[in-house]
Amino acid sequence: MKKIQMNFHRLSKGQKMIAQYIMENYDKAAFMTAAKLGEKVGVSESTVVRFANVLDFEGYPHMQKELQEMIRTRLTTVQRIEMSTDYSNEENVVKKVLKADIDNLRMTMESIDFKVFEEAVKAITEAKHIYIVAMRSSTTLADFLAFYLNLIRNNVYVTSRSVSDIFDILFRVNKDDLVIGIGFPRYSSKTIEALDYAKSQGAKVLAITDSLISPLVSHADFTLTAKSNMESFVDSLVAPLSLLNALIVAVGIKEKRKVSTTFGKLEDIWEKYKVYS
Amino acid sequence: MKKIQMNFHRLSKGQKMIAQYIMENYDKAAFMTAAKLGEKVGVSESTVVRFANVLDFEGYPHMQKELQEMIRTRLTTVQRIEMSTDYSNEENVVKKVLKADIDNLRMTMESIDFKVFEEAVKAITEAKHIYIVAMRSSTTLADFLAFYLNLIRNNVYVTSRSVSDIFDILFRVNKDDLVIGIGFPRYSSKTIEALDYAKSQGAKVLAITDSLISPLVSHADFTLTAKSNMESFVDSLVAPLSLLNALIVAVGIKEKRKVSTTFGKLEDIWEKYKVYS
Amino acid sequence: MKKIQMNFHRLSKGQKMIAQYIMENYDKAAFMTAAKLGEKVGVSESTVVRFANVLDFEGYPHMQKELQEMIRTRLTTVQRIEMSTDYSNEENVVKKVLKADIDNLRMTMESIDFKVFEEAVKAITEAKHIYIVAMRSSTTLADFLAFYLNLIRNNVYVTSRSVSDIFDILFRVNKDDLVIGIGFPRYSSKTIEALDYAKSQGAKVLAITDSLISPLVSHADFTLTAKSNMESFVDSLVAPLSLLNALIVAVGIKEKRKVSTTFGKLEDIWEKYKVYS
Amino acid sequence: MKKIQMNFHRLSKGQKMIAQYIMENYDKAAFMTAAKLGEKVGVSESTVVRFANVLDFEGYPHMQKELQEMIRTRLTTVQRIEMSTDYSNEENVVKKVLKADIDNLRMTMESIDFKVFEEAVKAITEAKHIYIVAMRSSTTLADFLAFYLNLIRNNVYVTSRSVSDIFDILFRVNKDDLVIGIGFPRYSSKTIEALDYAKSQGAKVLAITDSLISPLVSHADFTLTAKSNMESFVDSLVAPLSLLNALIVAVGIKEKRKVSTTFGKLEDIWEKYKVYS
C-alpha cells in the first residue's frame, strides 16, 4: 500500500485505476488472478502485470502474496478463528501446525540478514547493559533470551517479569546500552513506547519482529526478522525462538570462557544443593 | 543400559562380555563400529550384531545411537560447550541452529503419539483446574501455554511466574484437576516433586518432555515428547513450543465459542484502552 | 477544593473572595493563619473562620490541614526529596520513619469504617473469583494479599505478577466476582482503567487507597483507606499492609476450617519436601 | 535453650534440676511463675530467679518471655489458627491487628541497632551489585526493597520475581557484592542455602529477620531485626516493611543527587507516556 502511494505519480492512467481499486478493495484483490483483477478494473491482464513490476515486485504473484500478508495481519483474531476450520481432526492439527512451523523456520533461514545478525551478536557482546523489552506472549521469548544471556554475561535486564511498568527498569538506559525489543503481531504500543524512549536516550536498539514493515523497525537501529505465521488465534513464536537459539549460541561461542566459568559454578551449585534429579 | 540389565540373564557368555564392556565403557563403546567393539571385547562382529538384536534393537546402529543419546544427556554442560567448536562463523551458526531445529520439528512430528495427543486435548478441555509446572528455561514454555489456555478457559494456574514455591499454588490440586509438567534435560527435581505430589492427590498428570525415558514420565498418566537437541549449552525449546502450538490450536478448535467470546471482549478492551499500536 | 466549588453559591461576598483566593493560591494559603489569610484577601479573621465552618470543617485548622494534605499529594517526587533534609543522621532517620509509620497506623485505626470493613470481608468470602489489581510499588501489597487469600480460598488472581497486561487476566471478570484495586499516590492510570472495566462488567469493586478523594474511589463500590504519609520519595505502605493483615485475619476467622485444611496440607508438604529449615 | 546448654557446667545442683525440667517441658515452663516453677522442680522461688540471672537474663520475666517466644515460633501454623479464637467481631479484629502492629513497630524501634543500621546503609551504597533474596510471603518485602533501591542505584537484582531458581541469578555473586537475605518464621531453607552460597563466595551478607536467634543470622555479616508477631496464621511484615522504609530513606539521603536524577527522568517519562492519572 505504501508502495502504491509512493509510486502513484509515476503510474499510467490504467495503472492508477488498478491502484485505486486495490486501495479500496485490497481484501478482495488479494485473492484475484491478474486476469480477474484486470477484468474488475477494466484493464488488460498485462497492464496488471506491468503494474506489479512498476511497484518493484518480481511479478504479480509476489504482489498478491504481500497483499495477502497484509490482510492476515489486519484480520482481527476473531476473524482468524472463523478461518481455521480446516483442522478436521487432531492428527491433522498436529501435522499442520508442525508443518507450518517448519515452513516458518525455512523462510526465516532464507531471509535472515547475516550481516545484521553479526552486528547483533557484536552489540550483545559489547553493550554495558542489555534491556529486553516485550509484552504479552512475546514475554516468553524475552524471558528465554534473558535466561541465557544472563548465564553468559552480567547486566541483563528483562522488563517483562520484574516490573509492572517497563520504565521502572528502562529509565536508566543510555548510549552504552543495548535494548532488544521483541514484538510480533499485534504489536503492543507499550513495547513501541519503550523503544521510542530508548532511542531518545541514545541507546542502540535491536528489533526482533516478523517483518521489515513492523512498527518496531522504525525505532530500531537494526532488525532481525522471523516468521510467526499460523492460521489460528495463536501466533507462532517457534521461528523467533529458533532465531534466539542462534543468537545465544553465537554469543556463547564469542564468550566461550565466560560460559564455561558460569556452568562450572552452576554445576557445583546444582550438585551441592540438589537442583537436579 | 536398563535393557542390558534386564536382559542380562538371557545373554550368551560372549554377549555377557559385551554387556560388561559397554556398562563400564559406554562413552567409548558408543562410538565404535560393531567390528571394533567385537575386537575390543574379544568376540566376533556378528556376536555384537546379535547382541543388539537380543536387546530388541533393530540393528547395531540403533543400539549405538541410543548409547550416544545417553552420553549426550550425561555430558555436563561444560563438556558440551567444549564440543561446540564447529560453529566456525556466524552464518554457519544461524544455519546450523535453524537446521537443527527443523530436524527437531521433523523428528517430533514423526514420533508424536496422536492417541495421547487426543487424550491430552480432552483432559485440558475437561479438567476443573489446570496447573502448569516448570522450572528454569522451561518456565518460558509454561508461561506461553498458560497465556493461551487462559484465553480459552478459566482456572489455569502457572506455578513459574506467580510464586516462589510451587506448592503454594499446587497444594490444592485434586482428582478433578490436570497438572501439566514441562521438563527438558537436565530435569529439575522441583518439577518432579511437584508431579509426585500431584499424583499422590489423584490429579491427572500430563508430562511434556524430550523422551520416554525422562524422569517425568513415571510420574505422569500420559506423556507427549518433543526433541530438544542442540549441540550447545542451550537446550532448544523450539520443537516443544511447536507442540504447544498444536495443543493450543486443537483445544481452541474444541472450544471455538469460548475463544471467540474471549477475543471479542479483548478486542473491545484493546480498542478502548489502546493496548495495541 | 470540591467543597468550595459545591458550596460556592451559598457563600457570602467576603467568603467568595476567600474562596477565589484559595483556589488560585492554595499552595500559599495552606500555610497562612486565619488572620494572615484574612489580611491577604481583605476580610476579617472571623470571616475566614466562619468560611471554614460553612464548608463543614470543624474549624480553620482542619481546613488548613486538608489544604496541606492536598499540596503534599500534588508535590512532585523531586520536590519531596528536596524537602526531606531534616533527617540529619541515621539514628534520627530510623526513629522518624518508624514514628511516622506508627502515626500512620494510629490514624488508620481511627479512621477505619468498620461497616465497610465488614462488607469487604463478606465480599471476599462470597466472590466467585477475586482479582487483585495494582501497579508499581503497590504490587507488593497485591502480592501479599494474594499470597494469603490464596491459602484461604481458590480462584484468587493477582494481575501484577503473572501478566504484562492486566486485561489478559481481568477480561473474564463478571458480576459474581470481586476486584480489589490497590493504589496509593501517585495513582497509576492502568489501575484505574482496570477498575473502570471491572465496574462496566458488573463486578463488585473494593478500593484500598489512601483517602476518600483518591481517583480509585469513584470506580469502587466500597473503599478502605490507610495512610501512606512519609516525608520522602518513598510512599509508606506500612499502614496499608497492616490493614491487609486485618482483612486476612478476619477472612481467615470466617473460613477457619478452610485455613486449617490448607495448612494441614502445606505442613505435610513442607515436611516431605523440606521447604523449611 | 542454647544458653542453658552452654552454661550447664556452671550451674548449681538445684539450677541443674531447673534446667533439666525446662529442657524437657519448656512448653509448660514458659507459662509458670517463678514460684510455680520452683514448686514443680522442688527448689525455692529465689533459686529460680538466680537461675535466670546466671543465664544472663535481666530477670525471670525476661527468661519467661524468651521461652514463650521460642514456643511461638515452634507452634505449627495449624496450632496458631486454633489459638486465634479471641477475635470475636470484626471491629475487634481490625483494632487488635493494627494495635499488634503498632506494638511490633515500637519494639522494633527500641531494639534497632543503629550501628548496624549505619553499616547496612554504607554497604548498600558501596556494593557493586546487590542481590535481594527471599521466599514466599517475604518476597513482597524483597520486591518492595528492590523497587526503591533500583530507583536509587543500578545493579540491583531480586531473586524472587525473575527466576524460578535463585542460583540462576545469584551464581555470579562475589566479594564486591552485597546479598540481602530477608526471612521471617518459618524460615525457608532455600533462602538459607542462598546466604550460605553467598558467604562461600566472599560476598557481604545482610540478614533482615525477626530475631538474633533466626537461622539466617549465622550466615550473615550483620543483621537487622524487626518484629513479626501476630497471633494468627499471618506473619505480620509491617514492622519489617517500616524498617525497609527507613533503610531506603537513609540510602536515599546519602544518594540524594542520584534519586533526584532518577525522579527527574521518571517524571518526564510519566508525563510523556501518561503512566499516571
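Going in written order, the chains are labelled A, B, C and D, and every chain counts its residues from 1.
Methods note: a residue touches a chain if its C-beta (ideal position, glycine included) is under 8 Å from a C-beta of that chain, and two chains touch if they have at least 3 such contacts.
Since we're looking at a predicted model, the values are computed, not measured.
Student: Going by the touch criterion at the top, tell me which pair is linked by more C-beta contacts: A-B or B-C.
Tutor: Of A-B and B-C, it is A-B that has more C-beta pairs in contact.
Student: By CA centroid distance, what chain is farthest from chain A?
Tutor: D
Student: Taking each chain's centre as its mean C-alpha position, how far apart are chain A and chain C in Å?
Tutor: Those two chain centres are 42 Å apart.
Student: What whole-number Å value describes the gap between the mean CA coordinates of chain A and chain B?
Tutor: 27
Student: Just curious, how far off is chain C from chain B if you go by their C-alpha centres, in Å?
Tutor: 48
Student: What are the residues of chain B that contact at least two other chains?
Tutor: Where chain B meets two or more other chains at a single residue, that happens at 136, 139, 147, 151, 161, 163, 165, 168, 188, 190, 266, 270, 275.
Student: Under the stated contact criterion, what part of chain B meets chain D in this complex?
Tutor: Per the stated touch rule, the residues are 134-136, 139, 160, 163-165, 168, 188, 190.
Student: Which positions of chain C touch chain B when the two form their complex?
Tutor: Residues 129, 147, 150-151, 154-155, 158, 161-163, 165, 167-169, 171-172, 193, 197, 262, 265-266, 269-270, 272-273, 275 of chain C touch chain B in their complex.
Student: Which chain C residues qualify as touching chain D in the complex?
Tutor: Residue list for chain C touching chain D: 76-78, 81-82, 84, 87, 90-91, 93-95, 97-99, 101-102, 105-106, 108-109, 112, 114, 117-118, 121, 136-137, 139-141, 143-144, 147-148, 151, 161, 186-190, 192, 215, 230, 232-234, 236-238, 241-243, 245-246, 248-250, 252-253, 256, 259-260, 263-264, 266-267, 270, 274-277.
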